[in-house]
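What follows is chain A paired twice: with chain B in the first complex and chain C in the second.
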Partner chain A sequence: MSRLKDVKRLFFGEASEFSIIVDHLKSDKPALFGLGVILLLVIMAVFADVISPYDPNAQDLSRRLEPPSWEHPFGRDEFGRDILSRIIHGSRISLTVGVVVISISLLIGTALGALSGYIGGWVDMVIMRIADIFLAFPGLLLAIGLTAVLGQSIINVMAALAIVNWPGYARVIRSQVLYIKGLDYVEASRVMGASNARILVSHVLPNSFAPIIVLATIGMGWAILAEAGLSFLGLGVQPPTPSWGSIIATGRDFIFRAPHITTIPGIVLALSILAFNLFGDGLRDALDPRLRI
Partner chain B sequence: MLRYIVRRLLLVIPVFIGVSLIAFLIMKLTPGDPVLNVLGLQPTSDPSFIAAIRAELGLDDPIYIQYGKFLWRVLHGDLGRSIGSNKPVILLVSEALPRTLLLVVSSMIVAIAIGIPIGMVSSIKQHSVVDHATRVGSIFAASLPDFWLGLMLMMIFSYYLGLTPISGYGRPEHIILPAVTLGVGLAGLITRLTRSSMLEVIRQDYIRAAKAKGMSEREVIFKHALRNALIPIVTVLGLQFGFLLAGAFFVEWVFAWPGIGRLAVQAIQQRDYPVVLGALLVTSIAYVVINIVVDIIYSYIDPRVQYE
Partner chain C sequence: MGLETLLTQDLEYRERRTLENNHLLDVSDLKTYFFTKRGLVRAVDGVSFKINRGSVFGLVGESGCGKSVTALSILKLVPDPPGKIVGGRVLFEGEDLLQKNEKEMEDIRGGKISMIFQDPLTSLDPIVRVGDQIVEAIRAHTDLNSDRAWEKAVKILGEVGIPDAEVCAKQYPFQLSGGMRQRVMIAIALVTEPHLLIADEPTTNLDVTIQAQILTLLKDIQSKTNTSVLFITHNLGIVAWICNELAVMYAGRIVEYGSTKSVFNNPLHPYTTLLLKAVPRLDMCSKSVLESIEGDVPDLVNPPLGCRFHPRCPYAKKICSSIEPPMIETEEAHYAACLIYDKEKWGSS
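Right, the complex of A and B next:
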């Protein structure tokens, strides 16, 4: 669909901005694939108790390391637990970490970024220098350091990931705010007597939505990967709670005898990250009118 | 130009203070009493003796003085001693860091060797099957978790095919699998960047002019298009350095590569906090310094960069 066609449809009232975005997404096959996988993950996480064929923690040591079979399509792990059920339950951890980390980062990033861009002056300088320092650290390394000293738990993993993740959002929001606050219609609403808070909430923030939703979608993939990585190093979810990263980590010891323990959760993990990346990419293309060519 | 470089170098100071402050705060958050950590005493030891040592170690000082002393020690290369081996942390870290840098640089070479040619072919054959396959393949490569990919490559190439050593360090072939594992994700990114950058460049007037003058397609692509398309790729390579350093933590752990990542992960598991902090601090400083070097190189490659 061409850009000119979009403008025409908008101009003649044939379509709203939202329906144009949906149309673009519908024609973007990779993005649709991503969305499909994401929906599947959500269903898996919400209905884990109903869907999973076995208790994820039920052990059967006499049948440990069993390869995939009709009875257990993904095989059994080193304690004879059903890997499929563990992967289904593991999706809860992955999605929870993703949603919580991105929500906290967004909350902190939006608040600080908006303040920084809108107020300017020394407030801007202080907030941005703090953000710079965080951005100067390789994020995942800082998260590793923080979880190492805070202690191994899922709450600490989420806290550490949110702490290292907010500056990116703050930067984007700040630049959007700086751009939007200089536009004529914002100036007009100020002349009409709108307060700073009102301008920020009703004009500036809603218009900063597009880049943020893209960042948040791709950020979900990052958070899921980071959680799996930390759990792989033994810093995240503690046994026996199933997490994709920790299943891969335990499978490592049996990689040559029972490769299915490592291979299958890794494929699920990679597919999930891919899904968020593809959908984020598609959203970026659909939300940015310049890319709709 | 010189002013830009000096200003860029001066910017290291606040970043270094911030990085060291975060490291210091992490150290303060560390569970356990540092006196007991250092001396290995039981909590039942004589309280007056412990109080004397606390005073001697400066733990009774106000927090900003403690930070000042910490910064002074770090600037003098004193990162404390490992609780496990009692060796100076700086010694362990300075042994491991070059190995990690070797791994990171090798993975960059792998990524460039894969990413640039594929990205070029994809852009020249835009909208072809090759182009579509490349786009999906590159995003897939960037989505693969390093630690899992490492295990898979190890299983296929070392165990089933017997082509490479399973893990370790010392012989040149030891670096192949770790470098490929770490480089694949970056290769995906470089492929996408090369493609989009080339597509942008080959639509420019000077490319059309070069073709109109009768230059061959090959000459236009290699002499004009690629050279200009490389500029954003160099920047991204610099920016990716930090991600590769973090990725190296996982890859080194998988392949038993004795770099700074493996040192840190081992220290985390043994709760050897001075080593963990030393490794993180040195890695972060390396990251900051390398970013600055890349910025300066970038200003040489592209004279249009504004030094404001």
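Right, the complex of A and C next:
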């Protein structure tokens, strides 16, 4: 049904590209679910202080490891802190890490990938070999190594993840630029006297971005997971700051006595990553014109 | 009937005007080679021609004969590597373009020399509004602010025959038909009031009725603005209709060169003769068979020695495979590169 509508709108010229994409997402239930969870996460992170029922760092050692109850729906941890409040506050760390890591990766990846693809020759050779070197390391292992060297802080975690992550973006952007710089409209704007910088910024890059949007959405999930992983290993956020990874890590010692400490943040983490992946998939389908008509 | 009828249309007038004016573009001995893994491709090998102010010059030839490379060489846009302009001179308004640096060329491209392309479907950026693409061309070459440039863009869209130009300017290319997009391309090319317009097969990808509309539009604008046009095509009918002068290219060289009238009335080079015979005409008997030229276009990595057309030429003699024929003026301002017109060499062989 909606396909037919798209075709009509394309030919009668009343729809912008954007509204076609929105229409597509509307009919894609998993993507909508993903978007819903993502919005929930954002609200949680922004209004953490207002929403969270208790102070995430308030201890009550007399009631440690208490299982979920009406008063504390997600239970209490080994210091008697409210886990729900800690998860709500932890979403700040997760989202910040996700956004910052993806932004830095995008920035580096886009700049280097675009130069590489557009200039070509030895510049391409050098940049792509550097990217290959980074890609050859197992990502998380390199991040662990880097935080071990740089010291344990959230800033270093983000730096490490960005360093691991940018080559993927650089490669995708490069291949897009390689394709687009050969298209007629690029040649046409060169013939009309546009400089290389102008062609790259106003024609090649905007046209290269569709797959990157998808990659970045899915990358958010990866970054959140990676941060949780590093925090679980004790390399990320330092206590008592709540982070999903560190909550899971501390709960590990009590996994049989108080399984809710590990399982609940684990489920939240899994759900968030699933949400980003579903939304990314939906975006990919909506942006791909071949799947549209 | 047929070609002749088309030809007589204001040809006399066009010819007179051609003689009065001086040269806008003077290409001499242009050589553009491609250095490929397979070997050296002499895509353009010693091409010379002159375009007068206000005239329409046709560059005719089959696919791969070097027409488009000639156009790109004039703008210094030959993809390098593998291409390189290895020799010659391109005098435009008295200045050699081949000596200019990239910055100076950027001012000339789209300013004094504009170009329209074969495929209007892919020559517009799909995610930029039509009006903004025209504005970009305007602002690259003038100091107009964006509001004034937008007004000018809407105005030129109207001039190239787009109804409801204001709405069109806000649309994206995918919302326009092929003919409309070619009109937009023409608008972009003409908005800077170029002195020379290079039209590289501007109607090849359009259907016939739209072709006629676009050609009429080009012709109208040309006579109104007196812009010179380098018209690249493989369609002889279009050439007869629109061009004052023409050059026929074969395998990287010009084989015949003269006014449209003299070339069509009295083709000198065997290739031109055969080409004209291969064009279907309205006055032809329905039973008659169209002639075709035997053989294939030569491989430019290994072109035939001597005259490049000799392997396919019905008049070829032994001498044709050893001597490169020079351009010989057989009639006034009508040249052909064929040894038949070199009485001494042809007679002695």
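Convention: the second predicted complex is superposed on the first by the 283 of 293 C-alpha atoms of A that agree within 3 Å, B and C clash if a C-alpha of one lies under 4 Å from a C-alpha of the other, contacts with A are read in each partner's own complex, and residues count from 1 in each chain.
The rule we apply is simple: a residue touches a chain if its C-beta (ideal position, glycine included) is under 8 Å from a C-beta of that chain, and two chains touch if they have at least 3 such contacts.
In this text the structure is predicted, and so the values were computed from the model without any measurement.
Visitor: Chain A superposed: clash or fit between chain B and chain C?
Guide: Superposition check on chain A shows chain B and chain C fit without a clash.
Visitor: In the overlay, answer first, second, both or neither for which of chain B and chain C A:55 touches.
Guide: In the superposition, A:55 touches no partner, neither chain B nor chain C.
Visitor: Using the superposed model, measure off the angle between the directions from the CA centre of chain A to chain B and to chain C, in steps of 10°.
Guide: 100
Visitor: With both complexes superposed on chain A, which partner does A:207 reach: first (chain B), second (chain C), both or neither?
Guide: After superposing on A, A:207 lies in contact with chain C but is clear of chain B.
Visitor: With the two structures laid over each other on chain A, which partner does A:71 touch: chain B (first), chain C (second), both, or neither?
Guide: Touch partners of A:71: none, neither chain B nor chain C.
Visitor: Counting residues of chain A touched by each partner, does chain B or chain C come out ahead?
Guide: The partner that reaches more residues of chain A in the superposed model: B.
Visitor: Taking the superposition on A as described, I'd like to know which of chain B and chain C A:263 touches: first, second, both or neither.
Guide: In the superposition, A:263 touches chain B alone.
Visitor: Which partner chains sit in contact with A:188 here, chain B, chain C, both or neither? Use first/second/both/neither.
Guide: second
Visitor: So, A:255: does it touch chain B (first), chain C (second), both, or neither?
Guide: In the superposition, A:255 contacts chain B only.
Visitor: Which value, in Å, gives the least CA distance between chain B and chain C in the superposed three-chain arrangement?
Guide: Nearest C-alpha atoms of the two chains are 15 Å apart.
Visitor: Per the definitions at the top, what is the overlap between the chain A residues touching chain B and those touching chain C?
Guide: Shared contact residues on chain A (touching chain B in one complex, chain C in the other): none at all.
Visitor: Once bound in the complex, which stretches of chain B touch chain A?
Guide: Chain B reaches chain A through residues 14-15, 18-19, 21-23, 26-27, 29-31, 135-136, 139-140, 142-149, 151-152, 154-155, 159, 242-243, 245-246, 249-250, 253-254, 264-265, 268-269, 273, 276-277, 280, 283-284, 287-288, 291.
Visitor: Mind listing the chain A positions that touch chain C in their complex?
Guide: 10, 13, 16-17, 183-185, 187-195, 198, 202-203, 206-207
Visitor: Flag every residue of chain C that touches chain A in the complex, lowest number first.
Guide: 75, 77, 106-111, 114-115, 117, 119, 122-128, 133, 136-137, 140-141, 171-172, 174-176, 185, 188-189, 192
Visitor: Applying the document's contact rule, which stretches of chain A touch chain B when the two form their complex?
Guide: Of all residues in chain A, those touching chain B are 30, 129-130, 132-133, 136-142, 144-146, 148-151, 221, 225, 228-229, 232-235, 248, 252, 255-256, 259, 262-263, 266, 269-270, 273-274, 277-278, 281.
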